[in-house]
Amino acid sequence: MDALELVRLNLLSPMILAFALGIVATLIRSDLRLPDALYSALSIYLLLAIGLKGGVALRATPIAEIAGPALVTLLAGALIPLTTYPIARRLGGWSVADSAALAAHYGSVSVVTFVAAQAFLDRAGVPYEGFIATLLALLEVPAILVALLIARRAQTTQEEATPWTETLREVLTGKSIVLIVGGLAMGAAAGAAGVERVEPFFVDPFEGALTLFLLEMGLVTARRFGEVRSAGPFLLAYGTIAPLVHGTIGVAAGLASGLSPGGATLFATLLASASYIAATAAVRLALPEASPGRYLTASLAITFPFNLVIGIPTYARLAQAWGGGGG
Amino acid sequence: MSDESASWTERRVVTVIAEAVLYERLLHDLRAWGVGGLTVVPAEGDPFGSRVGDVEGGFLRIECVVGTQVADRVLRGLSERYLSRFKVVAYDHAVRVVRGAKYP
Amino acid sequence: MDALELVRLNLLSPMILAFALGIVATLIRSDLRLPDALYSALSIYLLLAIGLKGGVALRATPIAEIAGPALVTLLAGALIPLTTYPIARRLGGWSVADSAALAAHYGSVSVVTFVAAQAFLDRAGVPYEGFIATLLALLEVPAILVALLIARRAQTTQEEATPWTETLREVLTGKSIVLIVGGLAMGAAAGAAGVERVEPFFVDPFEGALTLFLLEMGLVTARRFGEVRSAGPFLLAYGTIAPLVHGTIGVAAGLASGLSPGGATLFATLLASASYIAATAAVRLALPEASPGRYLTASLAITFPFNLVIGIPTYARLAQAWGGGGG
Amino acid sequence: MDALELVRLNLLSPMILAFALGIVATLIRSDLRLPDALYSALSIYLLLAIGLKGGVALRATPIAEIAGPALVTLLAGALIPLTTYPIARRLGGWSVADSAALAAHYGSVSVVTFVAAQAFLDRAGVPYEGFIATLLALLEVPAILVALLIARRAQTTQEEATPWTETLREVLTGKSIVLIVGGLAMGAAAGAAGVERVEPFFVDPFEGALTLFLLEMGLVTARRFGEVRSAGPFLLAYGTIAPLVHGTIGVAAGLASGLSPGGATLFATLLASASYIAATAAVRLALPEASPGRYLTASLAITFPFNLVIGIPTYARLAQAWGGGGG
Amino acid sequence: MSDESASWTERRVVTVIAEAVLYERLLHDLRAWGVGGLTVVPAEGDPFGSRVGDVEGGFLRIECVVGTQVADRVLRGLSERYLSRFKVVAYDHAVRVVRGAKYP
Amino acid sequence: MSDESASWTERRVVTVIAEAVLYERLLHDLRAWGVGGLTVVPAEGDPFGSRVGDVEGGFLRIECVVGTQVADRVLRGLSERYLSRFKVVAYDHAVRVVRGAKYP
């Protein structure tokens, strides 16, 4: 499949169209709004569903096959914040808290971007290793911890700080991690046969549910567009260059650690995407002085749509080219 | 019973509006400050504000009927531990309750 | 299929039974209530789903085929309020605002009635043109605008009135219109192949979701029964005669503009049904002095159940008879 | 299928794993919480769905076949509270209100437990009579009424008591009863052919929806574990022995009244399970002085997980052994 | 109109927090006690409390703007018929309204 | 900080209950009248009322902490532009806040 066809396939999928519809609705000041409960319900559903699916695959995967990618994942989770932080400090001139917050977000992962990449590969008929959802779970936490540690070292005053162990517990028991890890465990324990009877709920309607979720993401994203404008050029530059760099490294590292082109595309998406659930919650709790107008605008209003529209097909194309997928 | 029920007492209602992410911490602290019960209503983010709630579960509106001393302690505690760091709004006012003994 | 069989098929479908259950639950003062968020979630789902389905059909339809019905639709959207208004003013003796509100409701369209008619035809195995959902979108707006214009002309004092352009924007960006038009655009852009992967969410469970929605509609409808009684004979008469007249004209006009008997049934349902979403929101904003006890009771508590139970099979029977569907 | 295999099949089903995940999430103090609206939406869905399915089966069942089991059900609904009450009074030393509340809960039925048992049999490939959902509806009410009558007789002061007829109406029109009975009626009226088109909504995704619901049940159950500890030995003993006794009798009575081993398993589950919806609502209204720390902890935090994990496979094994199902 | 609108009146807001299961009964009684309108917000159970709401639909926060006499009647009525038996919290306080005539 | 935190200030809380359909307009006007932040809670329709909310998204309960002048302006503005035409309930009362400077 050539590059143009990939782009077309992506842009004209109901998912991306729903995202665009959400953006348009906000821009024309429509009163369209999804109930909060629907948003939560859909995110619980999506997290549990990818966990379940990943768990079934994980059970069928020899440890040897997953060890390499897992190691690279953990490494990336530590390295991305270690590079993001100084960039934000020096090039952006940001405060300690703002820089550490950005580091936490870009080191961690956007579940929806990952899921959109999976759906993209499914549409394109490109196979991938099912266990990669496990890597997603692995990548959620380390970057957050590294970034918070950086902030802790750099900050002298810690007025009324919550004890470190409490913060650690809060990060680890955050709902997105509990649902993905829980889903993985459920899938691994139940196995393909066990999960089969819940597939009409957790598997078949998945992409449709994701489409509805992306409608909401479009609404939410567009509400931040005002802040993109006022945020200055550094944010825009970082939000678009960082995913390309991380994604390109991700493709290479993924292929090198033995993944198929499809798997490497997903792996690249993990690295390239920026969290706005787990990392945001952790940052709100542990670095409340960091400005959401920066980290959330970057990850949600710049990098997220960038990956959806440009990033994912780019990583897929790269992985095909380097991984010899042919096409 | 009808005797006791006829008597009003003055108590205070403390209202706290906070990001949902602070819920567990707030519960813990409110209890420590002497709050005996509370009512929680999920609230939407502030459309004028930073909209952090948009992606992480919105805001909570917590309301507790308490005595004057507990109210002072709660407002002081919130002021010291939350107001300067977090997006928290807190206020209280006097109300008239029946069976005030339930809210020391 | 003979008339009796059509009625039986309709009355004993889970949709209509759920509607009846909702009515019964309210009448026996049950505490059954659907959460508000479920109601919104279901209506978002239904609107997007019919849009998507209609859009796929639209893409495959030559403009020539749709031009006729579209023109008739726009005409009807203007004519129905122009006839409803004087009827309400003279025969009903209603105020300007009340009459214009009624005109807006009966000129516009009830999405749920339309969808119920589609499901009815599906059950009966009667084919219809898929693009008719496009006409639904076309019919949502004009009647509202015409009715508001009528009221504007007739009213002398416009205390603190919102500027007309703002009202127009609010009507056009209302959530039901954004979702249907957005869904149509998504379906047309993605095409049948693109939509296929979201069908297990947007297509297969559709009628079931509609059933749940009709349960809620039954609850809501029955809560207005008290007002039907106190509303007087004009409301009852208009609420049952208007749909029959509009529906009969709709069958004829639909067949004349080249639609199949199934398509003409749907077209008739569009004309015969009365809005209680888009029009109600617009009327609340622009004609707040109109009494919901009138327009909402007429459209929701009289015409809606009337169409569900009697109207739809009647229009279908007429379309068969006149359209030579045989059956 | 041997006993061990049944246990494994049960424990490793996504349903039970989701329940366990909910418990773990609460124990590690995760912030995972399902929106209230999702919980209500799921319970409405589950109740309506089992009603629908049961109604279709009911329509195809000769009255003679159902008369026996129905009679036994009504008997059980009266006998269980009549035995539970004195046990709680004497052995537990509980107050009149507490004892009657316990009687109402154990005489009535837990819909989720019943549904989990159905799913368990489906997984194990054991057939059962579809009409048993009708018995569920029959068993919801009598025990509640008997228990309230007992309390009424035993209590001398009835300060400001609501009239008995009003309480009766409230119990009979409670949402769980309206939904199950309504679903049964809908299923019976529509028949298999009528229901077919809503199966992708009400039937296929059912077990998945149940899985999500059990996640929430796990969260809720674990929040009561503290009260289990403080509740004393009687509660723990009653909460585990009662279901075994009722379940064993249920297997025997079910087989004796002509049910298949699968049907007898479901019947046993009906008797063995303790309500925490219909009975709880009724008790809150009519016996507010009874302590939820007792009746709710017993039925929700002890008997419910006990039946899920141990009870259901036990009754199934018994029914196989006694009913000659072989296996 | 602008004349009337400029004049504030004092009214009372009665707030009732109750198990959802009591809704129908409360509505009936509030109406009987003279309440002309009210606003209901679904509330979550009290995390410190008995959590009965967990399984039966949570709590409701009911708020009504009323005149002084109705407020007294409501609080007294709640005290007599609800507070001793049910999990109900009720209080009131004075507020400033425009067009007070709507709330007798 | 601890110094400032100890000092209470009086502010007013304005509560507005309105049909959801008015949301955008209300936001716009409240901001124009000087409201700097607010909290929104979805509310159910009034069971005694006209139930228009049933079909078009219910009601909203909006709450804003403001200074006295803003409160007056909001109540006056609501009275002039909303109360006579729309189903809107509005009232305010005095509350005690910490760090009152945030709510001018």
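Each chain carries a letter (A, B, C, D, E and F) given by its place in the written order, and its residues are counted from 1.
Note that in this section contacts are C-beta pairs under 8 Å (C-beta built on N, C-alpha and C of every residue); 3 or more make two chains touch, one makes a residue touch a chain.
Predicted, not measured: the structure shown is a model, and the values here were computed from it.
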Fill in: Number of steps on the shortest touching-chain route linking chain B and chain C
2
Worksheet item: Chains shared as neighbours by chain A and chain C?
Response: D, F
Item to complete: By the contact definition above, name the pair with the higher C-beta contact count: A-B or A-F.
Response: A-B
Worksheet entry | Label of the chain whose CA centroid is most distant from the centroid of chain D | F
Worksheet entry | Maximum centroid distance from chain B, chain identifier (CA atoms) | C
Worksheet item: CA centre of chain B versus CA centre of chain D: separation in Å?
Response: 37
Worksheet, complete the sentence: Whole-angstrom distance, CA centroid of chain A to CA centroid of chain D, is 41
Worksheet, complete the sentence: Expressed in whole Å, how far the mean CA point of chain E lies from that of chain F is 18
Response to the item:
Here the gap between chain A and chain E, centre to centre from mean Cα coordinates and rounded to Å, is 45
Worksheet item: What parts of chain C, by residue number, touch at least two of the other chains?
Response: 29, 31, 35-37, 40-41, 159, 170, 200, 205, 281
Worksheet, complete the sentence: Touching at least 2 other chains, the residues of chain F are 21, 24, 41-42, 44, 80, 84, 93
Fill in: Pairs of chains, among all present, that meet the touch criterion
A-B, A-C, A-D, A-F, B-D, B-E, B-F, C-D, C-E, C-F, D-E, E-F
Practice prompt. Could you pull out which chain C residues touch chain E in their complex?
Written response: 29, 31, 35, 159
Worksheet item: Which residues, counting only chain B, touch chain F once they are in their complex?
Response: 15, 17, 41-44, 46-49, 59, 61, 75-76, 78-80, 83-84, 89-93
Discussion item. Quick check: in the complex, which residue numbers of chain B touch chain A?
Written reply: 19, 21-22, 24-25, 42, 44, 50-52, 54-58, 80-81, 84-87
Worksheet entry | chain E to chain C touching residues, read off their complex | 1, 21, 23-24, 42
Fill in: List of chain A residues in touch with chain B within their complex
36, 40, 159-160, 162, 170, 220, 223-224, 276-277, 280-281, 284-285, 288-289, 291-293, 296, 300
